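Please find the structures below.
Both complexes shown next keep chain A, but they swap its partner, so chain B is in the first and chain C is in the second.
The block that comes next holds the complex of A and B.
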């Protein structure tokens, strides 16, 4: 073997432990893997230093080498974190280094857990370090829906209690301005505005263990925030009526505020225009299938009491079933049957 | 197999699409000679998963003896560590994701007894490893000693423990309570409380609730609505709103729908046609979408997706475990 470690005097004291991949015992039905020589050598030294539980600068450098070759190597990350804390390294420098790895490997779980492990250290980070959010925005510039980054950011918000930080809502506004269809950003916005706060259990919505009708409903409602957010959603819907996210967001906002869907009946009707000639309905102009769905839900709720409203609900659902969303015809049929079944019950 | 539509079966299946099962069987059996793909999909860190993916796909394709049984058992056992858990490959630290693949593989091969005969302790030892990963405070599960929390780990834990008949080694009620916190207003579930709904995480949460016997906690109409919204005009399914379709979501979305009895809410014929377009009829195997390079991960979840749809010639899959139904039926009736 003629690798860089075997020829490095710094590593002369270490006896590398070779890979046991099961191939020698015939225990590998799916064959051995063509690893690169560099990787095979580096991991053989890793096994040796880990077995000796060595905490040193050279071991730290070795973990870096291996992480750059294979960031999915979960064990090496645990070892690295242990060394970083034991040697009392500058964690800001460690974060800086991690930024580079993150930008190189966009879809990796371990990188983000490592960051969370570092950031959890109250001694080093009693408050949010100033460049952290800048870096996350740099990540979003690569992939604005990166699930790992969003999950980490949500953790940051809870850890440092950032729900009302001006930076949070500014970043969300900026991301939604550049892509109003970014559902991840809408989800984060919801958590900032209506998610459980620090004195509440860590749930995705308030009352998450409650009955379905109460899930997401706030005990104390700031009506101004509800109004503001409904207004914001309407502005975004007008820009792109077929974008599902703000419609879903508005449902969540109304739920949080304990208000009915029917508050938006007038707004939704602007996207579903009946064309009449001499009083007869001849056509419907639909500018958003989500508005049709919204109206169907409103009419279905009210329709239990009134037959003509139920008929309107069925008309909306048929529009979806036949013209605007036929791929889900069985779902729309189910909804129609629910309403017709209710009528049968009501008249029985 | 029945092509009738109804709860649990997708509507209107066409049978005129050409599936190439023999090609797929050959593809999996010959994975060892495809170093270029192996490097990506069966790298050291996925190897035990890879064995489970390949073996399960072969079972569903009607070729349960496609891999040499003894070699497969030997390999699984060689990945076990002293703490009872399994690593991705020999000499690798134990992690829940590989431990569940090990258990599923041994169960599929009807070789759980080998743990007592030849392993580093019987199945109790695996149970202890998994039980030690439960976070006592929240009921969630870590993947390993590092402490990362993810609903994938929780699902894996309940999956493996239930297959071993050891579910009572953990606090199931607490795990269920944690899963409830991962539910979002749209009816979906995320990787942790407050995280965006994601079809892969929906599968793990609903699967875990199914194992815990608590599907009554799922808002089936709302979740079914969100899941069925994942189908795009081309028939394929995505994992989140405004994302691209991917053959593996045929499984994550499809199995979740099947578990809550709403699989017929999507267009099964269009989905089946999409999945078939993802196969490579020359080399065998399936890719994430048409004309992309195939791999064993997408091959399993494409085949399993077809199985959910009742596609002719493919064995029935268990939507909770992603294992042949004939095997889970035997385990749980014993």
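The block that comes next holds the complex of A and C.
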């Protein structure tokens, strides 16, 4: 085989280690892949340098070659990071290189973990490098819901304490303006507004050490932020009433603020209008199924005490079940049964 | 409407082809996951009920040997043979480059069970000693152990689930014969899992990340493996019916079912990341500010109820406002099944979606409408159908992600069921 490594004098000192897939010792290899000759050769040199724990420029180049063929190789990334730090490479250059890999392989865990490993180096990055957020926005231009990029950005926020950085909320506003259904952006917004401001390595959710009923609630609530975010959610809902994201967001905001869902009863009612003729209910005009669901939840909570409110909850749930959301008819039925079950208990 | 047809024979041919012939070069980017790919092939054939009839005892023994060939000397399994530079060269200094991998270890063990092996050659104690080393101080698990016993890989729920699964498989009912083997910190793991619930009820990769069906499956799967869902077990609020956390989790899961399939003729199909929805036409050109909010709501038109026709095919997405995808039919229905809430989904819609939209002519399933089949989506498509009782498929244990026959085999192993009598 005349491969690029075997014919390269730079690699002459290395005895490649061929793949041992076990067939010589009676194993029948599974999930065999029709590897290219290039991949077979490059990986046999990778095994050799790894076995020798070699830290060198040529090994660094080799990792790049492997990564382009198999970016999910879980040890080659750790090996590359080890070499980059040991040879004291310019990490900004490494990031620049990584940008290209990221744009080529959009769905990959290892790439973003590698970035996190580099960025974790306090010596090299005591503060956020200036172009970092620009690059993330470039990634979002490719796929504004890329899970890996969002998870990484979340980590960046915590690492560099950027919750209140003007750039963060500006980017989120811009992403939501271009797609109000971007649930990833909504989630990030929640973390910026209500995430714990601690630098614990991976601190849990708000008040996660509190009793179960208190988890997810802020210990200290900034009522202005809560009001502002509720208002923001309302404006976004009006733009697209069937968009579930801001409705869920509002639930999270109310919960963080320790406020009840019923605070939005009036708002939700504007999307669910009873049409009456001579005092008789003849029809319901619905502008958002999520508003119906909201009202069902409010009435169900209050309905535990009052029978007429429970009936209203069931009416809302039936609207969803029969007309607006029949895909989930069994779920709405489950909710109806929960309310009826409560009534049975209450009257027993 | 004609009855959708499950093309069992074609699926058998697809999985056999994947098992017995080379996968195309395209799979090179999945080389490190060969154990997982191997799992899909044998688990698929087992689920189709033909593993025994379509493979010979010699072949099955050969597969078992290959899995053991993937076992690393210090316990656990590597994800593929590509990192193996030979036992004779292995030292304390270089073993970090050929490490055991947490998810691969779990799937290697399940493959052995599917193939009827009794796990007698598994380095059980070594593997169980390695697991706690993979746990971080926040309770989460990593993927592999790096240099200086550093935990490497993202700290997310996938690794938590497969670490808990490996512990479940190897400890047995009462950890018989494991005196002096330190266990993982179960309470810390459970606390980490609970902290990954997002404000909308679903579970995310880590605290405060976006809720995602794959991670939600991993969270509940881990709790099953840790015996936190059986009767009489210590239940955390996340899995306690009636609690706010539990009810919001169920709501989030059922909300994943969608008739938005991202088909070619869908509006905005060039926008690959999710549906635009009908109400976009209502987008008000002028900025909506708080002063005219009420007025703007008045101007909104009524919501047209969905038609029966439009709900005929109803798959699942993995996140809010995304299109349906075959694998999410699995992640969501499996999670609901573990929670005993599978009847809440529209089973007919899911079946129509899988059989008419992503089932492929040559067998297997694609990721989305009209896409070519791949092993992952093919297996998960089958399993989701199996949960719903599709004729020709065996029943599946949702946490083990393999047939109940596999679970029974595990439970029949003498060391597994051994209980401490004194």
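By definition in this document, the second predicted complex is superposed on the first by the 328 of 348 C-alpha atoms of A that agree within 3 Å, B and C clash if a C-alpha of one lies under 4 Å from a C-alpha of the other, contacts with A are read in each partner's own complex, and residues count from 1 in each chain.
The working rule: a contact is a pair of C-beta atoms (placed from the backbone, for glycine too) under 8 Å apart; a residue touches a chain by one contact, two chains touch by 3 or more.
Please read all numbers here as calculations on a predicted model, not as lab measurements.
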| item | value |
| --- | --- |
| Side-by-side fit of chain B and chain C on chain A, or clash | clash |
| First (chain B), second (chain C), both or neither touched by A:143 | second |
| Which of chain B and chain C A:190 touches, first, second, both or neither | both |
| Partner chain in contact with A:102 - chain B first, chain C second, else both or neither | neither |
| Contacts of A:151 with chain B and chain C, given as first, second, both or neither | both |
| Partner chain in contact with A:285 - chain B first, chain C second, else both or neither | second |
| Partner chain in contact with A:182 - chain B first, chain C second, else both or neither | both |
| Residue contacts on chain A - larger count, chain B or chain C | C |
| First (chain B), second (chain C), both or neither touched by A:245 | both |
| First (chain B), second (chain C), both or neither touched by A:53 | second |
| Common interface residues of chain A - those touching chain B in one complex and chain C in the other | 19-22, 25-31, 33-35, 47, 70, 72-75, 78, 109, 113, 145, 147, 150-151, 154, 181-184, 187-188, 190-191, 195, 201-205, 208, 212, 215-216, 243-245, 248, 251-252, 255, 327-331, 334 |
| Chain B residues touching chain A - in the complex, by the definition given at the top | 5, 11, 31-33, 35, 38-39, 42-47, 50-51, 54, 67-68, 71-72, 74-75, 77-78, 89-93, 95, 138, 143-148, 150, 177, 180-186, 190-198, 219, 222, 224-225, 228-229, 231, 233, 235, 240-243, 262, 264-267, 270 |
| Chain C contact footprint on chain A (complex, rising order) | 17, 19-22, 25-36, 39, 43, 47-48, 50-53, 69-75, 78-79, 82, 105, 109, 113, 143-145, 147, 150-151, 154, 181-184, 187-188, 190-191, 195, 201-205, 208, 212-213, 215-216, 231, 234-235, 238-245, 248-249, 251-252, 255-256, 270-271, 285-289, 323-331, 334 |
| Chain A residues touching chain B - in the complex, by the definition given at the top | 19-22, 25-31, 33-35, 47, 70, 72-75, 77-78, 81, 109-110, 113, 117, 145, 147, 150-151, 154-155, 158, 181-184, 187-188, 190-191, 195-196, 201-205, 208-209, 212, 215-216, 243-245, 248, 251-252, 255, 327-331, 334 |
| Residues of chain C defined as touching chain A within the complex | 18-19, 22-25, 27-35, 37-38, 41-42, 59, 62-63, 65-69, 79, 81-86, 89-90, 93-94, 96-99, 101, 111, 136-138, 140, 143-144, 146-147, 152-155, 191-192, 194-195, 197-201, 204-212, 236-237, 243-245, 250-251, 254-255, 257-259, 272-280, 282-284, 288-290, 293-294, 296-298, 300-303, 305-306, 311, 314, 319-322, 341, 343-346, 349 |
